[in-house]
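As structure tokens, here come the structures.
Okay, so subunit A shows up in both of these, paired with subunit B first and subunit C after.
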Partner chain A sequence: MNTSYTLSKTTGLVLTLLIIIGIVAVITGFVTDPARTWPNILLNNVYFLTISMGAMMFYSLQYITGSSWSAMFQRIPLALGSFIPIAAILMLVIYFGLQDIYEWAQPGITETDKLIAHKAPFLNTPFFMIRMVIYFALWIIPFLMLRSLAIKEDLEANIAFYQRSSFVSKVFIFIAVLFFSMAAIDWIMTIDAHWYSTLFGFRAMVTSVYYAVATIILLLFFLKSKGYFPQLNEAHRHDLARYLFRFSIVFGYLWFMQFLILWYANIPELTVYYQPRFLGEWKYLFYAELFMNFAIPFVVMMADDIGKKKPVLIGISSLLIVGLWISLLVQIMPGSYGVLQFGFIEVGMWLGYAGMFMLITLFALSKMNMVPQNHPQLEDSVHHHL
Partner chain B sequence: MSTKTIIGVFEDESILLKTLRTLKSNGVNIKDIYGPCADHDLLKEFTRESRLPYVSVLTGLFTILATFAFIYYVSVIDYPLQYGGKPVFSFPPMVVILFLVCILVTGGVSTFAFLGREQMYPGKNPELIDPRAADDRFFLVLDQNFNPEEIKGWLKESGANEIIEKDNDE
Partner chain C sequence: METSQTFSTNIRVPLVRGNKSYGQISNELLANVEGKTPLWWFAGMTIGTILLAIGGWAFYMSLSKGLGTWGLNNSVAWGWDIVNFVWWIGIGHAGTAFTIFFLVFRQKWAGSINRSAEAMTVFAVMCAGLFPLIHMGRPWLAFFILPYPNTRLLWLNFNSPLFWDVLAITTYLITSIMLWYLGMVPDLATIAQRTKNKVGKFIYGMFSLGWNGSLYSYNRYETLMRLLGGLAAPLVISVHTIVALDFSVSVIPGWHATILPPYFFVGAIFSGFAMVLTIMILLRKAFNLFDYVTEKHLDNIAHVIKYGSLIIGLAYATEMFIAWYSGVDYEIYTFFNARATGTFSVAFWTMVVANAIVPQLFWFKKARRNLVIMFLISIVINIGMWFERYIIMISSLAEDFLPSSWVSYQPTLVDIGIYAGTFGLFTCGMLMFIRYIPIIAVNEVKPIARQSQKNAKEDNHEY
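Presenting the complex of A and B:
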């Protein structure tokens, strides 16, 4: 039980191979079509940052609500959060490709476009980068605090660490809710600078927990297959399945709320966002997003007995991993690159990022105990039953 | 052949659960359990198939189809009115209406189906197996038993606080 993860050679090799594929894809992309590569870099940054932030929000939620069922495997979301500092570096690289992604960043656009000129005090390159630095600083500090508290707790049995983690979690969730919404608005919504949705940031923030839970499930079963977490039982699977089911409803609700109001209000400057997506060449991906993230998980997870089966959980989680990619593709690409492209660059870059993300997560897991040693609710979690 | 209803009275649900497992493994016919609170383990051990979910699903499907037909008739066939430049038949705005009507009707029908099946109505006197079932005791009701003495032995052995016998002919 008091073991930490050791990276096996085959896993390390596979992940390194994925990273090499990713590097090749990035180089190919920059040689052939930089305008297509930059939005893809943004997409993958946001994709994995979404999972990281969602995992940390999940981790904080467990402390805030005093949940005991997840105490056993709460090091998984903590390890997933390790990507946040890396994402900071990768996001700062976006600086060099701002003109390829954002319409408002193109030089001289303020003279021809009145609306962007009006928004210029907020949407300008220096302020954009300053905000980015502030967001990451505000996320990384509480993350590092939570991580060091978790490691200290393993060495010394003291309830104070739990209480302090609980407090830092409250601070973190406040920061995450506020600033991850703003980050989503900054990085994704401003691609379509003429359009706005007041729901956008909230939706990105809430659904991040959805995808984080899917990733946690996949990682949990991966580690279980390696012999960790022998106490993982039906009740844990039940709770994870309920998480997915409820968030599928939340996703469907927010997705439809944004779509219906904007589509039916019939205000041209708002409807223009859905014009290419709902009627244009993005049509099939638009429906695929809805089905993969809402309809299929909702129907499959509805029955309790089906939802908590291991193959079903793994299947739905894998579906959501693809669903998030399609969701972000539909959000980012029409406004930046403009044409639907799917090829080696897209797939290779995602694979590369996934390899890097997994390597960082597993490395972080190998640096601490897999199961918290002195967590006050550990016994409750190990013997969790309904 | 005279059969008897045997009722075991328990103070502790964990003992009841243990007894339930023993009786089930011996193939005793368990009729019902009455008690002041729900217990997940008891529910898992003793579940009776309910047909109420089928009623709900069928009502839901029927309601969605009927509402869709109604909206379609009203807005496309009977009174096709163009507003906001949208096509006469446009699905997105229907979703909310279908969803809400479906919930309302299904909820209502399910409730009344349940009340009807259980023959309940507001102001009906409660049919308690024993007044203590609403207080702090659990009642395990065993019906149609052909070996009452043996069952009573099992009940006593596993720690029932009290055993009540009733003749079915009464």
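Presenting the complex of A and C:
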């Protein structure tokens, strides 16, 4: 149980290969069409940051609610959080492509566009970058604290580490809820600079846990196939499946509420957002988003017992991995690049990011014990039966 | 190195204190039904009846003279009645939420509280239902709103959120009553078995549906409760979501916001839990239930309230920010002029302080351990939540797009009378409940108590 992860040669090779594909895709993108590449960089940054932040919110929630069932594999979400500092750097790079993504960043737009002029105190490049730095600083500090507390707990059996982790978790969840919803408004909603929705940030923040759980499940099965987590039993699988099922309802609820309210009131300034998505060339993806993130997981997981099955869990989680990408594509692309594009640049960049993300996560896992050594609820978790 | 077991016990505390036998638990928890009626019960009943009588007078006025006796006018066509309706519905949320969500999340501590919370739900939803019913003007024609084939060529507007409301709330009320009633069937059987009173034996025996406590019955019973729970979970969410849709699908500034459904839902849980806290603090004192509703139970409720308050605060902040961000003059006026600094500023800041700031006291352990402070905060929250609904409903209607149609809104005595009447209904209902029905689910608490004892023995702790 004391082992930490060691990166096998094959895994390392595959991930390196993915990163190389990604680099090639980015270079191809910048050479052929920078306006198409920048939104893709934003998409992938937000994509993997969503998983990281969701994972850390999941990790904090376990402490806040005093949940014991997940104590055994709590290092997986913690490792997933390691991408947050990297995401900070990658997001700062966006600075050079602001004009290709955001309408409000075009020079001189405030003189011709009255609404953007009204929003200018908020939507201007310096403030945008300052906010970005603040968000990341506020996320990274509690993340590092939680990580160091976890590592210290392994060395010394003391309840104080659990209590302090609990406290930092509360701070983190406060910051994450407030500023991740704010960040979603900042980075995604302002692409359609005229449009607004109060639910937007809240939805992005809540559903991030959904995708994080899907990633945790995939990583858990990957590690189990390598011989880790021998105690992983049916009850753990069942609880993870329930997480997915309930979050599918949450996703469907928030998605539908935003759509229904805007559709019903039919105010042109607000329905304009759904016009290209609901009626235009994005409409198939619009429905695909709903089916992949809500309808299919919901219907499949409706029968309580089916979630215990490994193929179902892996299948649904993989579906969600694609679902998040489509969800972000539908949110980001119509307002920025404007035309539906799907080719090597999109796929290659995602693969490259995925390779990098996995490498960072696995590297983080190799730096600590796979199973926490002195977590007070470890015994509960190992003997978790329903 | 010592392993984890040494401090594994510090995190979980027993949910039922005292090394109690089953008989002792029955005796203590059925005391309210089997003992003598306490004096304060009659006092409470008297107050409740007086309030109910005031409500009856107001109801009579509304019917005989018409809705002109209310403070409504052309602009504010929805006044106190809708404010109170939403307020009661919000309170009515917590009971079923308690049972369902804590069943789903395996939170055993809810077992000591869910019965009273569900009773609160049933009576609160009944109070809520009265307002739209009276607002119809002709309550005897209320069945017109139900969709059924009829010879009057009436057909309902299925596009109307008000109609969705009717369906959601009736379904919710029926399911809540079923959940409440079926949950108490084993307890009713226990009372029927123990009582010496012949009439009581007959009535409790009849309502216990021939419960014999066999393994077979329990097996069926648990399946039924799980199924009902599964059905009720979406209903809990749907009710307040649809109440929120009543407002948010319109185009009124301050109403048309996409965050309203989740925000209303959280607000309902928040206010409902505050009401549960108020009631549990009183009940555990009145019936000496300190071993069953421990500090830990109240502490847990306080935690839920604290996080609920943060989400409410986030929603307030989001609405304010997006109102400015939208650049729509009407939205900006509603939020920044009418609500924050204008006619409604007192109500607005009461709402902010009571809902988003005061509950933050629950971050301090001292506040969570002090019953007086807890009780006061729970009352403050319920006042704050009333002002929240008042702000949302009245401020948007009284000062909307056209300054020439701006009006001031004042409730009349009849408005206040109906509201007082619902308090009477609620008080009387709750008092009847605590006199004739076990206020804690005896059959649920027994296994919890046993588990607590087992854990205590294993850990060599003395409780």
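Note that the second predicted complex is superposed on the first by the 386 of 386 C-alpha atoms of A that agree within 3 Å, B and C clash if a C-alpha of one lies under 4 Å from a C-alpha of the other, contacts with A are read in each partner's own complex, and residues count from 1 in each chain.
In this section, contacts are C-beta pairs under 8 Å (C-beta built on N, C-alpha and C of every residue); 3 or more make two chains touch, one makes a residue touch a chain.
Only a predicted model underlies this, so the values are computations on that prediction, with no experimental measurement involved.
Visitor: Have a look at subunit B and subunit C on subunit A after the superposition and call it: clash or fit.
Guide: Clash: subunit B and subunit C overlap once superposed on subunit A.
Visitor: Where does A:260 make contact in the superposed view: on subunit B (first), on subunit C (second), on both, or on neither?
Guide: In the superposition, A:260 touches subunit B and subunit C alike.
Visitor: Can you tell me whether subunit B or subunit C touches more residues on subunit A?
Guide: C
Visitor: Thinking of the overlay built on chain A, is A:134 touched by subunit B (first), by subunit C (second), by both, or by neither?
Guide: In the superposition, A:134 contacts neither subunit B nor subunit C.
Visitor: For A:17, using the defined touch cut-off, is the partner it touches subunit B, subunit C, both, or neither? Pick first, second, both or neither.
Guide: A:17 contacts neither subunit B nor subunit C.
Visitor: On the A-aligned overlay, A:115 touches which partner chain: subunit B = first, subunit C = second, or both, or neither?
Guide: Touch partner of A:115: subunit C, not subunit B.
Visitor: Would you mind checking which of 74-82, 146-154 or 200-208 on subunit C runs into subunit B after superposing?
Guide: So the stretch of subunit C that bumps into subunit B is 200-208.
Visitor: Shared contact residues on subunit A, subunit B side and subunit C side combined as an intersection?
Guide: In the superposed arrangement, which is not itself an observed complex, subunit A uses residues 260, 264 for both subunit B and subunit C.
Visitor: Over in the complex, which subunit B residues touch subunit A? Could you list them?
Guide: Touch list, subunit B to subunit A: 40, 84-86, 92-93, 95-96.
Visitor: Using the touch definition up top, name the residues of subunit A that touch subunit B in the complex.
Guide: 256, 259-260, 263-264, 266, 385-386
Visitor: Note which residues of subunit C are touching subunit A in the complex, please.
Guide: Result: residues 1-8, 10-12, 104, 234, 237, 241, 245, 248-251, 256-262, 310-311, 314-315, 318-319, 322, 325-328 of subunit C touch subunit A.
Visitor: Okay, in this complex, where on subunit A does subunit C touch?
Guide: Going by the criterion above, the answer is residues 66, 114-115, 118-119, 122, 157, 159, 162, 174, 177-178, 181, 196-202, 242, 246, 249, 253-254, 257-258, 260-262, 264-265, 267, 269, 374-380.
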